[in-house]
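Shared between the two complexes below is chain A, which has chain B as its partner in the first and chain C in the second.
And then the complex of A and B:
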């Protein structure tokens, strides 16, 4: 098994876990965690794509940038979750949705 | 220069709409002034386009990929329609200064009207089918939003939704036609398609031709879609005059005229166009005869006159149809605006409550009668010349039965027009209405349009020359104004048509003696009030659309899990398609 194959399996696994988490999670914190897993899958995909196309440097530098941005996303997401908990008293996204009411 | 003028013709009304929005509803005077200034400037820019008319694209913006080039081609037909849209548009805006005085949501009104004027100019001037469709839908949206302008009135909202659904249905025909053309020729350019139309497979061309016919029929309120236009009369009257009489409903006729050279050879297409036009002219004429609401009667008459234009195209008289389009835009805008002055003056639209208003609103009566005479096709007025040209085209090209129906409709038009004029302005007052005559700004618009109704037929020669010199794929015969006068006057058919028109008129004066006949026709009248059952069909279409939308509402849960599931399924479908494509 080559490095690339391992990386692709890793990508599919991470994205699968992330999507599954987003599908079933009802707690906002869990949703954010699932989103992080999903993004990590995308990160690995970037590096794998760099490896496959022979531009490993490009893939890695893109990945580093996404790590920085993604950290900010995670922090803001958690801060928002905190505010939601304080104001609404719940973290269940099914209760938070008002579109259907 | 020409590029600047084209951009001004489309951009000025949009800028104006933005400016009106920025002034906010707290400054109604500024809003009126801005709207009038921008509308009149747009009209002037469009008029200045005239000397630059040519068949080569003036502006080409490459958008790349699937979208092709966004081109603007100021050929005769385009400039002609753009001028009608912007000039009648500016007159309608001037009229609105009095008509919409004191409205709380003036900003929304002017924004939509100006957006419409710009979109209509774009629809006329663009040379790309894709953007023709885009502008087509923008005008449909403006039409919907302005019909439903009084959005606390359920009737207005229902009318707006009806118009939106039916015209969108036509839009599907246009879009699929455009996509088929793109798939076949690899380009959205109208000129490229017209050039290569004959090399396309016959079945494909037929598919496009009938798709465009559906689009045109829905937009121009032709059979079997004619029922949305009367319901659109809930819109403020200047909007009815502008969108539902003079401009947007002409887009369908424009589409047919534009693509006539390509579809001429499609088996059965011209016959289908003729039948659609004649049925609309006949059925709507009968409905106009029994309508009691002044604006609805005018709307039926619009459908009927548009039917004439469509019939003329089916009979090969593209020039006659465009000439009648010009005449109709002028006199029908005049009639609608005059009707608006009446409605504004007395506060009702029901003709049964009017009567004897002529002595109290002499100016409105004068201009309304001028418009009515033009509509009825009385000599000297512009409607006479264009209608004669259509009848002549029908006599030379189409079959005799079709000519007979068109002939009968000419008499019918005279009859319902006279009935309308009589019910509103003459006879004894049937109720105590407080009436006041047209106000100054209204008089400006009405006076100019009345002048146009008497004089625009003099443009027959120049219009023919303009179309002939800039449309390479159409065949036009040279027609000078003097020649047209001679031709029309010396034709025996003219005399026959005049006789029918006069007979139609006389029938109204003799209506008391015709009670036996009227009783016989009562069944027909009842059918006419019910729109011959097409109302039910159109209502069915709308009900199906709305219940489908209600059924699909359950998919909008707002829950993250469902949305993610949707994304994941979409991703899988795309991946499968990609793998399959390889």
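And then the complex of A and C:
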């Protein structure tokens, strides 16, 4: 197998695990971890795309930028989860669906 | 790429940079001296100067700013986005002066709002796919915090988290689409992608998949049905000023990001126009049907944003499909009008929510239609402006909403295409259907006896009435003289058709 094929398998694996986690997780922290796994799949995809097109530095610089942005999103997600735990005493997302009507 | 383009006299640098650089300063002004609201007003007021100069320079062409090989270009479409972000933003800052006063997080509200305006202006100007994604994500980050502003309210946290998770998944899909495009074309520059994607040697199917990923990913933020489920929660739980910004500007910014990304793949396929028209029809119908059964005013307004997104998509789809700029110009006119009308509707509903509940310390109760009963006797200005907004959204003359829908419909009929004609008739019927939920607002406000909430209501401050009056006047004026904005919407329509190669 070439490096690219391995990378593509890695991307599909990470995306699959991330989506599966998002669908089954009931704990808010787990949801955010699943999101992170999903983003890591996208990161790998960008680097692999750089490799495939022969613009490895472009792909890698995009990936670094994605890491920065994604960290901010994760921080906000965890901050909101922290508030949920403080105000409602639970992290179960089933208790977080009062708005459905 | 001359160095002189990056000079301090480049107006685009000031237009985008000023709000972004000033946002932390606004935070310190609020934190240290409790002057956040005035600092924000000052910054946004100053941003109008580069905007006016930029609007003159852009004309029917474009201006650009090059920073380290990264190009930002402002054309007609970016100008429309900047115009609505800035005008609504200014009024929201004035309005929020009292609305968020004495809230726990007031010092963080204004910097986020100022940054949001700068980021949205930047998003319109991106010429690079990755750059577009970064602006898009920056817009999402500032809006997450604003949606979850009432952090001690479980409902508001729930809305914020839903919004965050759905947007984050959307942005991952966009990243995957970008990876596909990068792998196949070897570039991130939208113009270069467009050139490569049109060549017969480029494999079409993977690029089509990338386009689908863009439509779904950006579509989450643009609230395309069925990726809209975050919207009613986020729009109804956010502070009302932010509801106005979200509904009037942020989802439209998502739409423009979607158009930019998809336009670069215009060479790959048949017609993105058909797809846009399809989503348009779906959005109109779903938005109207879901709005019909809402009792909470802000939730209902949120759902009606879906149907208005549908009218815009229909016009844009027609323009892309037949390569005719009049429909796109009508859509951009509707984008502006929707920003003004939905902004006004949310601000007026929020004003009532504030004087009836929030001011008495009740952050919990939603504003229902029955709470509006008889509001006209005690709050005549709010009642009148809310009615103007509701009737304008429903598409009644002489308000702005009628004119822009009319332009889209006329442009649609001019294509002489039977399917487009049917779609336009469908849109017109939807517009009539939407009156079924706008009219009860007017009825409740004017014809019912004062509700219990209204009789207990507090006084309204002038800083909240002023933005309402200005928006209502703008809606009536644009409804009577729609050509006033032709300088703005015409070039935008032409730019869109050019981007799709019509």
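The rule is simple: the second predicted complex is superposed on the first by the 98 of 101 C-alpha atoms of A that agree within 3 Å, B and C clash if a C-alpha of one lies under 4 Å from a C-alpha of the other, contacts with A are read in each partner's own complex, and residues count from 1 in each chain.
The rule is short, and it goes like this: a contact is a pair of C-beta atoms (placed from the backbone, for glycine too) under 8 Å apart; a residue touches a chain by one contact, two chains touch by 3 or more.
Everything numeric in this text was worked out from a predicted model, so none of it was measured.
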Is the arrangement of chain B and chain C around the shared chain A a clash or a fit after superposition? clash
In the overlay, answer first, second, both or neither for which of chain B and chain C A:6 touches. neither
Partner chain(s) touched by A:80 [first = chain B, second = chain C, both, neither]: second
Determine, under the contact definition given at the top, whether A:94 touches first (chain B), second (chain C), both, or neither. first
More chain A residues touched by chain B or by chain C? C
Where does A:31 make contact in the superposed view: on chain B (first), on chain C (second), on both, or on neither? both
In the overlaid three-chain picture, which partner chain does A:45 touch, first (chain B) or second (chain C), both, or neither? second
Partner chain in contact with A:23 - chain B first, chain C second, else both or neither: first
On chain A, positions contacted by chain B and by chain C: 22, 31, 97-99
Which of the residues in chain C come into contact with chain A in the complex? 130, 134, 137-138, 140-141, 144-145, 148, 151-155, 157-161, 164-165, 168-169, 172, 175-176, 178-188, 232-233, 236-237, 294, 299
Spell out the part of chain A that touches chain C in their complex, as residue ranges. 11, 15, 18, 22, 28, 31, 35, 38-39, 41-43, 45-46, 48-50, 52-55, 58-59, 62, 65-66, 69, 72-73, 76-77, 80-81, 83-84, 87-88, 96-99, 101
In the complex of these two chains, what residues of chain B are touching chain A? 556-561, 564-565, 568
Interface residues, chain A side, partner chain B - complex: 19, 22-26, 31, 93-94, 97-100
